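To start, the structure under review is shown below, and the notes come after it.
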Amino acid sequence: MPEPVVGTPNSEFYQLESGVKRDVKLRHVVESQQFTVPLLMELFDRARGMERVVARGGSLDYQNRIMATLFYAPSTRTRFSFEAAMHRLGGRVLSTEHAHAFSSEIDAEQVEDSIRIIGGYADVIVIRHHQEGGAKRAAEVSTVPVINAGDGNGGQHPTQALLDLYTIFRERPLNGLSVAIIGDLEKGRTARSLAYLLAKFERVRMFFVSPPELQMRRDILEYLDEHGVHYEMESDLNRVIGEVDVVYQTQIRPERARIVNRQQFAIDSTVVRRMKTEALILHPLPRTVELDKSVDDDPRALYFRQARNGLYVRMALLTMVLENR
Amino acid sequence: MPEPVVGTPNSEFYQLESGVKRDVKLRHVVESQQFTVPLLMELFDRARGMERVVARGGSLDYQNRIMATLFYAPSTRTRFSFEAAMHRLGGRVLSTEHAHAFSSEIDAEQVEDSIRIIGGYADVIVIRHHQEGGAKRAAEVSTVPVINAGDGNGGQHPTQALLDLYTIFRERPLNGLSVAIIGDLEKGRTARSLAYLLAKFERVRMFFVSPPELQMRRDILEYLDEHGVHYEMESDLNRVIGEVDVVYQTQIRPERARIVNRQQFAIDSTVVRRMKTEALILHPLPRTVELDKSVDDDPRALYFRQARNGLYVRMALLTMVLENR
Amino acid sequence: MPEPVVGTPNSEFYQLESGVKRDVKLRHVVESQQFTVPLLMELFDRARGMERVVARGGSLDYQNRIMATLFYAPSTRTRFSFEAAMHRLGGRVLSTEHAHAFSSEIDAEQVEDSIRIIGGYADVIVIRHHQEGGAKRAAEVSTVPVINAGDGNGGQHPTQALLDLYTIFRERPLNGLSVAIIGDLEKGRTARSLAYLLAKFERVRMFFVSPPELQMRRDILEYLDEHGVHYEMESDLNRVIGEVDVVYQTQIRPERARIVNRQQFAIDSTVVRRMKTEALILHPLPRTVELDKSVDDDPRALYFRQARNGLYVRMALLTMVLENR
């Protein structure tokens, strides 16, 4: 794996919508920390372009390129998002729905061999692995770019964080933003990955709203301390809901229900009434009780547009890693 | 979901093989009742055209269009039929083999959210849902056309009924037809959907052949009564087999075997000898004991051609729903 | 199924790298015995051509053709290899990951019906069946070419054997070759299929290295005796490892471990040191304890290139069976 490009937030790049310099290299996409602000801006600029490409009916530029989706754990929506992205670029797809269930053969220990073999068939591999670090192990041996589509509980889901950030970016300046991240933050891959990304911008304030037992883990908090990022830990949703520009709601899984009254962290039409008029409501979906359907018609509810943005961001990522081969 | 177009059987349309007016709108395909005779004739006319397209090697007209097959319950043949249809049109496919088995994530209760998200990736969604009414729920929230590929036991399977009817239409006038529908009619989706379609034609006579415990449910019978369609319920195959123009055989599942001696409703070379010389034998497949392989070489056996017709009818349907976006 | 073309090893064909006559017919690919030497040389000639096609970025010649992969038992790598081959030819794919698991509907007994139906949708069917003889049954009823991608334990896996042989062919003359085949030879599909193919060449010597309980079955040995092929059965790896030109290692599955100390047949850096300088090390993968990762960097280790060669050989096979329709 190449060295992650190191960079500092650069407000010059940040202002640009197009015309960004195309000299940033991207090979594997393993974790959200590896994205510098210039790289993010390059990505978002391309994603904007992809919105136009899709509106025109897609491209056929990649019709000789093959993407393999190697999903050891199933996720229909994430997989469809990547596969649609490749198809809208004109490319081709090799697909697994649940490689781990069918694995007398693909042993979890043998992910390295599988990756080396599949690298002989495909031009890029999108992997969802059931173990934390699975994507990193894949990237280390791969002869083609590897994109992490989620690894393990408590691992990362960087492309989700990228599309989350892109959704905010399309609506608000990222510098100076105040964001509440709510839910099971200890195990929540998307919450963790987003926190890393937001930390790269200036004067961002994060509020981690969760029962103490499910709060953000030390690794993230230390990272934020090191980078001088403002954050607060909170267990009462009411105390922050009226203050923030972005409400990023995530799931508390039913099996965690003995720890927490999930309803206490839920967003419904009553909670929404206390938000800023200009607030944005995001959720990586799927949802259960934590986000009531009565919120869907609120103009601040962006979660379906957020899912759609996944298409554009993944198209943009694919062009970046395929171009740099 | 738009109002189903209401129409009455129209023998003028019915006579036409081509040159049908193209002004009929079709958005979602949820149940066979929604098809009027003009819409059926439009569909069959297009299906004829698709036979020619496939003979010429297929089309590339839809190469920017994506179809998602969202199969909560597996059905390799139905899925392949739809996916081949999309490919023969030049289109692209997102595919699930068994979404329900892999559904920590895609909860049955959340089909609405999944549909809204996938509608951001695909241009048309083909859904097979394990619950009756699943396709209708999907259509109600979808931003793109939804096609029902079978929902629940006792639900509908309208595209199967359309290809069944098309297979008859290619061989015989539909008005005045006499049809035996045999098997587990209570739970049989394909039998139910076909009965609704046949009822739209003039002077059709239907014989429902089944043990009393597995007979057609009240909803269908009331529909036929309302529309003044002639039907008879019969438990002895022998009493109708020599009378009818079409024998539509369906499966009685093994788990129903305690209710019925399945062999009693089986078609083999002995039964076939008592049929009209010009009769047609159809079966939606797969089969077990109810249709003996000795029948396969009989020129009246149309079931493999019937399966093949599924390709043309589904191609035609896809062009209709994609055109009306 | 057409008669297998009968032929005898023909050193004239064998010398040619290109310019082979294109008059050899191939319809179904069921077992490795059906390949004559001229047919093998035709195939390998085309595979060489496919290496150049892929290097140029693939072809679009087959964009109207559909391949169905009907996998009753899962094998992600074999499936991906076939699907990538079809995509690199510009073609389209219908795919199953695990048809047998989802088979209330596709009953093992009904493979014949499924094949006849799918033959109405696809131009070629690649089948992996869980029962020995499954591919042959499919080929007997199919209206389109069928390719066996492995059937049953102890059945065949002819395309694996073809790519194994192609990998050797690219490096060494096949006539006069000395080959050790190691592992569970009784149940090993790939070992069995390769032995049949090697037997077609002149002065080949085979060493079957395995504990007596897992040795080659009588059917193969009789075939070799009939064709006057030299072979030896050996239970001590050390006695042959320094003698042979090719070491073909295969897996001994963990459930066989009570019969044999698997480590005794393993290849690691110590064993490798005793091989000829010009020896080739092959393995069909996936591997477990029988092939140590320390061997991967040895220039004689060809197994990842061997996997890659599967792409070219399968592309070549697809062009041969699709051309002869």
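Should a chain be cited, it is by its letter among A, B and C, assigned in written order, with residues numbered from 1 in that chain.
The rule is simple: a residue touches a chain if its C-beta (ideal position, glycine included) is under 8 Å from a C-beta of that chain, and two chains touch if they have at least 3 such contacts.
It should be emphasised that the depicted structure is a prediction, and the values quoted were computed from it without experimental measurement.
S.K.: Roughly how big is the turn, in degrees to the nearest 5, that lines up chain B with chain C by CA atoms?
M.R.: Superposing the C-alpha atoms of chain B on chain C needs a rotation of 120 degrees.
S.K.: Same or different for chain A and chain C, when you check if over half of the residue numbers at their contact belong to both copies?
M.R.: Different, since under half the interface numbering is common to both chains.
S.K.: Rounded to a whole Å, what is the gap between the Cα centroids of chain A and chain C?
M.R.: The mean C-alpha positions of chain A and chain C differ by 41 Å.
S.K.: Of all residues in chain C, which are in touch with two or more distinct other chains?
M.R.: 95, 97-98, 101
S.K.: State the interface residues of chain B toward chain C in the complex, per the touch definition above.
M.R.: 57-58, 60, 74-77, 80-81, 83-84, 87-88, 95, 97-98, 101, 285-288, 304, 307-308, 311
S.K.: Sort out for me which residues of chain B touch chain A in the complex.
M.R.: My answer: residues 63-64, 66, 68, 70, 92, 94-99, 101-103, 105-107, 110, 113-114, 116-118, 120-122.
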